[in-house]
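First the structure, which I've put down as structure tokens, then a few questions once you've had a look.
Labels A, B, C, D and E are assigned to the chains in the order they are written; within every chain, residues are numbered from 1.
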Amino acid sequence: DLLDDIMKAKKIRIATDMAIPPSGMMDANLKPTGSDVETAQLLAKDWGLELEFVQTTGATRIPNVQTNKADIIVSTLSVTPERAKVIDFTKAYAALQSVVACLKTVEAKDWSDLKGKTIAVSRGTTQDTELSNMKDRNLTLARFDDDATMVTAAVSGQADCVATSATIANQIGVKNPSRVFEPKVLIRTFDLAIGVRKGEPALVEKLNEWISTNLKNGKLNEIYKKFHGTELPQEMRS
Amino acid sequence: MHQTLNAAPTSPVVSLKNVHKSFGPLKVLDGVSFEVDRGEVLVLIGRSGSGKSTALRCIDRFEKIDSGEIVVCDHRVSDPKLDLRALRQDVGIVFQSYNLFPHLTIEENITLAPCSVKGISKAQAKEQARQVLAQVGLEDKLHQYPEQLSGGQQQRAAIARSLAMQPKVMLFDEVTSALDPELTGEVLKVIEALAADGMTMVMVTHEMGFARGIANRVVFMHRGKVHETGPAAILTSPATPELAQFVGTGL
Amino acid sequence: MHQTLNAAPTSPVVSLKNVHKSFGPLKVLDGVSFEVDRGEVLVLIGRSGSGKSTALRCIDRFEKIDSGEIVVCDHRVSDPKLDLRALRQDVGIVFQSYNLFPHLTIEENITLAPCSVKGISKAQAKEQARQVLAQVGLEDKLHQYPEQLSGGQQQRAAIARSLAMQPKVMLFDEVTSALDPELTGEVLKVIEALAADGMTMVMVTHEMGFARGIANRVVFMHRGKVHETGPAAILTSPATPELAQFVGTGL
Amino acid sequence: MGGSLNANHLMFLGYGALWTIGLSLIGLLGGGIAGFIIALCRISPSRIVRLLSAGYVQLIQGTPLLVIMFLTYFGLPTLGITVSPLTAAGASLTIYVGAYLGEIWRGSIESVPKPQWEAAEGLALSRSQRMVKVILPQAVRIATPPTVGFMVQIIKNTSLASVVGFVELARSGQIINNSLFEPFLIYTIIAVIYFALCYPISLISRRLEMRSGPARLSLGTA
Amino acid sequence: MNINLDFATIFERWPAFLDGALLTLQLAFIATLLGTVIGVLGAIGRRSHHPIVSRICGIYVESIRNTPLLVQIFLVYFGLASLGLKFSAFAVAAAALTINVGAYTTEIIRAGFDSIPRGQIEAAEGLALSRAQIYWHVVMWPAIEKVYPSLTSQFVLLMLASSVTSQISAEELTAVANYVQSDTYRAFETYILVALVYIVLSLVMRAGFWLLGLVIFPRRRRLGTPL
């Protein structure tokens, strides 16, 4: 099975999208960095394996493991029942708080205040799915292909609200001090898990063990805090 | 065909005075002068490359001359401020290659200019198209496209197209070289009828029999110069050895 | 020019029997039959659209006939299993439009087929090119490209290209219509020399004087049929009113 | 995230540009060979060969290159054929470029006037001799400008190789953009680099076009 | 390989795919229409004897043809926004595609103009037609007829390339596909389906152009020359 193959090869191939900050990105020296990158590095170190990043885009994360071009995915995969039909998930190693953030000057307390406002979102993210399913709330969505474009839309004034993680919402004000965004409505907290192709129970088991250990010893929380600025939810850490 | 000629009866309809024209280093017209009076048919002959086509093209201002003077129907062709379209309403030209518009039917080819330039009605133009096509023996080809016609038929259609503009002078550049003797004869009759009606014509041709039959005057060009000129009779009794050689070896 | 004729002396070199050919609804050849014997020069005349070019093209299998039989130098042209290249080694054809290859010099145009098809040496082919070009009066144009030649010169080069293949029959389609009388005379001499050397020829021409001078036999086509046939004399004393009209109105 | 553009970023873009050039060359070479075969198939005397090649061209010209890349890289393994990213990208570009060049070249061959084919036939040249000695030399003249012109499209289209994991010019720009969040700046730089790669080729194409008369064919993509 | 293809999940989303395909067609239609107008004007401009006019048209064509469409779309979308002009994503996408395809059609139509034999224009001049009349009757229609196959291909390519506008939130076919595949993680099924839809769209477009050709080129209709 796959776990044996990995151990025999002494190398693990991890699919990570390097264009979704702050989980996967490049630092000023163009070294991979981000919470998913450090998580992957921690895993490889703990298991004594050489680490190879497989560059993916959002659309090719899953096919990469399905066709054995990567062993596992550590790339902000949030768990949904629909997706669980296609690949297996480990237990959650992190969580992502999704919010709708708006321009500071916008009065918005709850969903009804967002009616009629254009909300920018990255296409195909769980935020997108969640908001798309809220048919009765009459939200207007503008979907962009990635976070950078979405942020630029907000920075340049194409949109006054965004649905994303709190971390990214804060970036807007950094880019353009005259347009400071703040979280207005919480969408949900999503569990992020490692993706493994179907039918590899041994590997999933071993990954689950590793996640539990590192949640308990606080290492995963530390990585998360470093990049997202907040701690993981209390119930995950215990 | 109704012709209203405005040119004063004394002045020639076409006049070239000492015309020079070079293509790069190649001197094609080297001081060419001749005149064509109203109602006259002038035939230009000469061996290949002697500058006949070029002379014709200069008359209709398709080429600018280097020096000299050309006047056609009171238009000073050599004048840079010439009203080109006015000149070309008075001058009809038919080329060696027929240049029918391939995307238009024969009728559309013929009615295009009368409708667009003279502004006559579509119906009137179509009636006229039928007439000029009948003149060249093509009345049944009204709704065909050029590529559906044989070479000879295309050339006749091109002549008809020019006639439809009722020009004051017609220039023909080897228009009969694709026609068989029968059609050449027909066109000859058409052209004779035109001449009788007062049409002035300048034509380049290689067919000496045709030249003899139609020419009021013959201009023999040789190396860019008018080498010999005179009535059609010079074709049978040439004065210069060059012309003698040119016609002697022919028919 | 050295000709080795393999055809039995009794059989004609070209024979058409009851040939029919239509383009869609248009019947172009309507039961055409004629024969050309060895060394004979047959001239095809007829008004535009009467099917002369088509008949010529059928002989060299550029068009497939609908019914009837064509035999050329013992090749059954109407046979679907015909060896086309063998046929065309025996038949030379020169078209109305010259069709020189624009990317090759005149010399290369002429040597291409002898080298590629007959496999003769480059040097020999070049020597031969010089000869045939001299025959048509173009020996100085060896290294020019076709576009650098006048129309008349291009046509002569095309004739030279065909001659270089030393065919057993030559087909000419209005090859002189772009030539002036002087050059027509030269080509006429070339063709006469060929005829004296035993070359069989079929030519379409509109020039009656030329036809009279060269033809052993004349075939007058009218509406897709052979309307009248006979020696060159029929051009001066036609038997049918159609031929009389055709030649009568001409020169 | 954050930070500002530095020399490393530019190096990274330069490295991406190298991949863009490399992939373009692969596409041109493979596609050139494929295109030549397609062009010959499209004018083949055999009806079946003509139909099949026409179907191929229709299919490929109707499918975005992105989808071809995706299906080659991830689709073939499902049939038990494993391909490396380079093989997948090379194969996809070959398939794609071949269809377009094949069409350009077929058009060029067919635009050699019919009397030229007939004149060659009349001289008893064989089919291959006619092709090689008479038709192709004339077709090459007609085909060169649109072919060179199409190279510009190949260069721009290699950006889609990011789907199989190549970090070429466009993808490296995207990655940098996602750490700097400066799309305006980054994409302008990318535009300038693409322009620098493409414009000289466009210039050559135009020169050729002027020298060989008007191009009857030209094809491009966005 | 443990992939079991399951198209049912994807087919369930057909209304979304239909909407996306329609939007793709709308974008292609608008850009084709306006792009043709720009192409004709641009081609006339490029052949203009006025050096500034032909230079400007040249710069337009070169800058568009030598940079990726994506960049052009970003520049229009964010550029307009930073000038304080807000348009819908659809309007911006249509505008960017029009500007893009206009440059290509300019080149194609110019090549068509150049291919009209000099003799044709001389014949028209000899008939005293004005410059505008010559352009309209003798140059433009035959030129467009000549380059019609290239134009058709260019517009089909434009339709395929319109997928990039998903980047600025136009909900066309690729956007729908991206959304569906990230929602279901069924990338193969989605891409195969989307490939089929694109092929159908391009066949529909080609058929449409063929029919249009029969209408606007009567000679082709009469003589049956394939377009």
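Everything that follows uses one rule, which is that a contact is a pair of C-beta atoms (placed from the backbone, for glycine too) under 8 Å apart; a residue touches a chain by one contact, two chains touch by 3 or more.
Not measured: the values here are computed from a predicted model.
S.K.: For subunit A and subunit E, which third chains touch each of them?
M.R.: Per touch definition, common to subunit A and subunit E: D.
S.K.: Give me the chains shared as neighbours by subunit C and subunit E.
M.R.: B, D
S.K.: Counting C-beta pairs in contact, which chain pair ranks first?
M.R.: Here the largest contact count links D-E.
S.K.: Rounded to the nearest 5 degrees, how far is subunit B rotated relative to subunit C when their C-alpha atoms are superposed?
M.R.: Rotation angle, to the nearest 5: 175 degrees.
S.K.: Taking each chain's centre as the mean of its CA atoms, which one is farthest from the centre of subunit B?
M.R.: A
S.K.: Based only on mean CA positions, could you tell me how far subunit B sits from subunit C in angstrom?
M.R.: 31
S.K.: Hey, how far is the Cα centre of subunit A from the one of subunit D, in Å?
M.R.: That gives a centre separation of 36 Å.
S.K.: Subunit C to subunit D: how many Å between their CA centres?
M.R.: Measuring from centre to centre gives 47 Å for this pair.
S.K.: Enumerate the residues of subunit A that touch no fewer than two other chains.
M.R.: Correct list: 59-60, 63, 66-68, 149, 152.
S.K.: Where in subunit C do residues touch at least two different other chains?
M.R.: none
S.K.: Please output the residue numbers of subunit D that touch at least 2 other chains, ranges allowed.
M.R.: 70, 74, 77-78, 183-184
S.K.: Report the complete set of touching chain pairs.
M.R.: So, checking each combination of chains, I get A-D, A-E, B-C, B-E, C-D, D-E as the touching pairs.
S.K.: Inside the complex, what are the residues of subunit D that reach subunit E?
M.R.: 58-59, 61-64, 66-67, 70-71, 74-75, 77-78, 80, 103, 107, 152, 156, 159, 170, 183-184, 187-188, 190-191, 194-195, 198-199, 202, 209, 213-222
S.K.: Touching residues of subunit E toward subunit D in the complex: what are they?
M.R.: Contacts found on subunit E: 1, 3, 62-63, 65-71, 74-75, 78-79, 82, 97, 100-101, 104, 107-108, 111, 114-115, 146-147, 149-150, 153-154, 156-158, 160-161, 163-164, 174, 187-188, 191-192, 194-195, 198-199, 201-203.
S.K.: Touching residues of subunit A toward subunit E in the complex: what are they?
M.R.: For subunit A paired with subunit E, touching residues are 58-60, 62-63, 66-68, 80, 82-83, 85-87, 120, 123-125, 128-129, 132, 142-145, 149, 152-153, 156-158, 197-199.
S.K.: Enumerate the contact residues on subunit C facing subunit B in the complex.
M.R.: Those in contact with subunit B are residues 45-49, 96, 150-153, 174, 177-186, 206-210, 245-247, 249-251.
S.K.: Hey, which residues of subunit E end up touching subunit A in the complex?
M.R.: Contacts found on subunit E: 1-3, 6, 9, 74, 77-78, 81-82, 84, 86, 89, 166-169, 171, 175, 178-179, 181-188.
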